[in-house]
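First subunit A sits with subunit B, and in the next complex the same chain sits with subunit C.
For the complex of A and B:
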């Protein structure tokens, strides 16, 4: 089996991640629920992971790293906790539904006003559009770091600078890039960074979170038990407990902690270079195949994703052939990115997405190129 | 019953602060340990740092920048 669906989740994890989760499941109590040895082990594991994530993403305070079950929950927490009726928010056509649907709901139910920076047929935006869409009541910019469909990057440092210059909050969705690209939220002027643990970070599913900048106050999205302030009728307002209600996934976070260690030991620069080399090899290989249409811009740095269609095949049929006849796992369809598909003109048939990761090999890439060629020639 | 001793009990707003204090005290050899917050104290975080009375200056130096919720002298 050749697994090329790493943008959905990385299937293979470092061995240290499996070991850490198993050990955690055998030994950890509930973090912040009691002070016996097992509860303290869980609390220490969670805290250590906060420190590692803070250092990894350039978040000033470990206590400003809040854990969630995925990036979607982190984004919902940030978006519903920051915006009020009358606020204006600028976002882009590249966004995933985890950004779009919370924003649409805020627009529908709370009168938050939205504008979208449009993408062209290559999936690129014009940064000048942020200036064009700016209004006196603009509160924030929300963008992904990379399109989950095309792999095109946004220049998040430039957008961060723009947000800083105009006194705007900047919320970044790093679902497709965390673990594959160096990120420093202080240097890049992000107010909130939302991430998932199970993709490029190579941790377990059910892990993710948000890193919140100094002075950024997010109202709790969920309230409940925290192990602190038990007699108060209101949820604690201090980070991290303010944005963490209920038992944390300490087992998963132990795995995420091991995953961050693995990335730090391997070197994120080396990981990025290797994943880029896989992506370039695949792109070069399939570009010469007659009948293959590739989407996105390959002229500069980008996430290790290649989206394509083969002849007039429906994308779901192509993915099924790849799975059934070649044992190659890819994702077809709409990829939860409706505006991106409209911009690319792929709304009706979707696209076949090949997404590459650290544990793929060049031999697997060559086999995938051969498979695409074989399907295209039939 | 174990013998009681007069000690300082430091309480925190968040579990993260309690964890940060424990880490720093361990790193710098400051005596003390995390305990469940005695019920006579109304505290935010369910865990507190208990330390001998004569280690308070060391504790304060080691935990600069972390604001405790309260500091109590208790017979525990």
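For the complex of A and C:
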């Protein structure tokens, strides 16, 4: 089996991740819920993971790293906790439903006003549109780092600079890039960085979180027990407790911690170069195949994703053939990115997404190219 | 080490749980995010876990079982998704902050009106108080199944019957009893059952969920990608997608599934009897020790929890001694149950909670009794 659906979840994880989760399940108590050895081990595991994630993403304080079940929960937490009626928010056509649906809901129920930076047929935006859409009541910009459909990058450093210059919050969805691209939220001027643990970071499912910049105040989303200030009727407003409630997934976080160690030891630069090489080889290979339509911009740096369609096949049909005849796992259909599909003109047939990762090999890429060619020539 | 903090999290899990999580991490793709073998395996794992949980708790439909990170998220989802301004809700002094804080927030921000069935010095309530507090605008009753502090049970079947007779919703927090007590939400007339996976169910951390009865409509709490209806601006309103967003923790759910199998094979009746025997032995042993104050009612069926204080020691001090001198892990202090502490008069010193589980032995109980005696006699 050739697994090329790493943008949905990385299937293979470093062996140290499996070992860490197993060890955690055998030894950890409940973090922040006691002073005995097992509870303290859990608390230490969680805190060390906060420290590693903070260092990894350039977050100034470990206590400003908060853990959630996934990036969607991190984005819900950030977006519902930051905006108030009358706020204006600028976002883009590249966004995933995990950004769009909270914003639409804020617009519908809270009177938050939205504007979208449009994408062209290549899935690119024009950075000048942020300036064009700016209003006096603009509070924030929310963007993904890379399109989960095309792999096109946004220039998040430039957007961060623009946000800084105009006194705006900048919330970044790094679901598709965390672990594959160096990120430094202080240098790049992000107010909030949302990430998932189970994609490029190569950690377990059930992990993710948000890193919050200095002075950025997010109201609690979930409320409940935190192990501190039990007698207050309101949830604590101090990070990290403010944005966490109930028992944390310390078992999963132990795995995420090991995954970050693996990436640091391997070198994120090397990971990025290797994943880029896989993606370029695949793109080059399928570009010469007649009948293949590729989406997105391949002129610069990008995430290791190639979305395409083959002849007039429905994308789901193509994915089925890849799975059944070639044992190649990809994702087809709509990719929870409706505005992007509209921009690309793939609203009705969707697209076949090949997403590559650290544990893929050049041989697998060549086999995937051959498979695409074989389907196209049939 | 003797681990007696099972009400915070069960430390030891069945071996099959470790194996299932490991296998899941090695083989599963992203549930509901593709049609290739690995994505389908993940979807199958999640669906089978829904089916097992539905059967386990007497939920009529597997699709009405929704998974969350923990019971707190399940409770937030249920409570914020059910109530509207003007609704009146009856709850009790036994509740954990995971119930109290969402309700206080609804009261503060949404005008939901709350009444509390008071607890006496033994931590008991009078069921007649539900009738006394009933108003024409009463929409729901929210209660725990057992106090996480004293282990006292509520008669949830009687409350369920009362709710049914008066056309009220009944939301039950089974955090402390799921896996240790037979529960049948249809027979017992619960509208919503919230549970956590990592306590009595003996599954991994990062798992939990809610089971929703027929005709009970909960608005989405988190919104985002679900793998279906990508083009809608609103989150799907059909269960289970309505109350789930983003990637599920299929790795953890595989472990939860194995844990439910273990409980079914062992027999929940046998588990309940054994945990009760541990608790009765411990209670009997420490009851004769001079200087020990025990909280709660031991006259009937109850959760395997014994809360106490020793002489005039602060509860944290006692727990420290138990940990350091006897290698016994318990929890002290406030237990996220502020109203219960007030009822018991333990607001300032807290209480030392011994919570027992399936993997404890009678020898461990005897050692714990000896330790309590030794501290009391010092």
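Note that in this section the second predicted complex is superposed on the first by the 378 of 378 C-alpha atoms of A that agree within 3 Å, B and C clash if a C-alpha of one lies under 4 Å from a C-alpha of the other, contacts with A are read in each partner's own complex, and residues count from 1 in each chain.
Keep this in mind: contacts are C-beta pairs under 8 Å (C-beta built on N, C-alpha and C of every residue); 3 or more make two chains touch, one makes a residue touch a chain.
Just so it is clear, the model here is predicted, and its values are computed rather than measured.
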{"item": "Which superposed partner A:63 touches (first subunit B, second subunit C, both, neither)", "value": "first"}
{"item": "First, second, both or neither for A:239, with subunit B first and subunit C second", "value": "first"}
{"item": "Touching partner for A:337 - first (subunit B), second (subunit C), both, neither", "value": "second"}
{"item": "Partner chain in contact with A:227 - subunit B first, subunit C second, else both or neither", "value": "both"}
{"item": "Partner chain in contact with A:258 - subunit B first, subunit C second, else both or neither", "value": "neither"}
{"item": "First (subunit B), second (subunit C), both or neither touched by A:47", "value": "first"}
{"item": "Touched partner set for A:33, first subunit B, second subunit C, both or neither", "value": "both"}
{"item": "Which of subunit B and subunit C A:319 touches, first, second, both or neither", "value": "second"}
{"item": "Touching partner for A:102 - first (subunit B), second (subunit C), both, neither", "value": "second"}
{"item": "Common interface positions of subunit A, toward subunit B and toward subunit C", "value": "33-35, 226-227, 230-231"}
{"item": "Contact footprint of subunit A on subunit C as seen in their complex", "value": "1, 3, 5, 8-9, 11-13, 17-18, 21-22, 25-30, 33-39, 68-73, 75-76, 96-102, 104-105, 108, 196, 198, 204-208, 222-227, 230-231, 233-235, 245-252, 255, 316, 319-320, 322-323, 328-338, 341, 347"}
{"item": "In the complex, subunit B residues that touch subunit A", "value": "13-20, 22-23, 34-36, 42, 44-47"}
{"item": "Footprint of subunit B on subunit A - complex, ascending", "value": "31-35, 40, 43-44, 46-47, 50, 62-63, 226-231, 236, 238-241"}
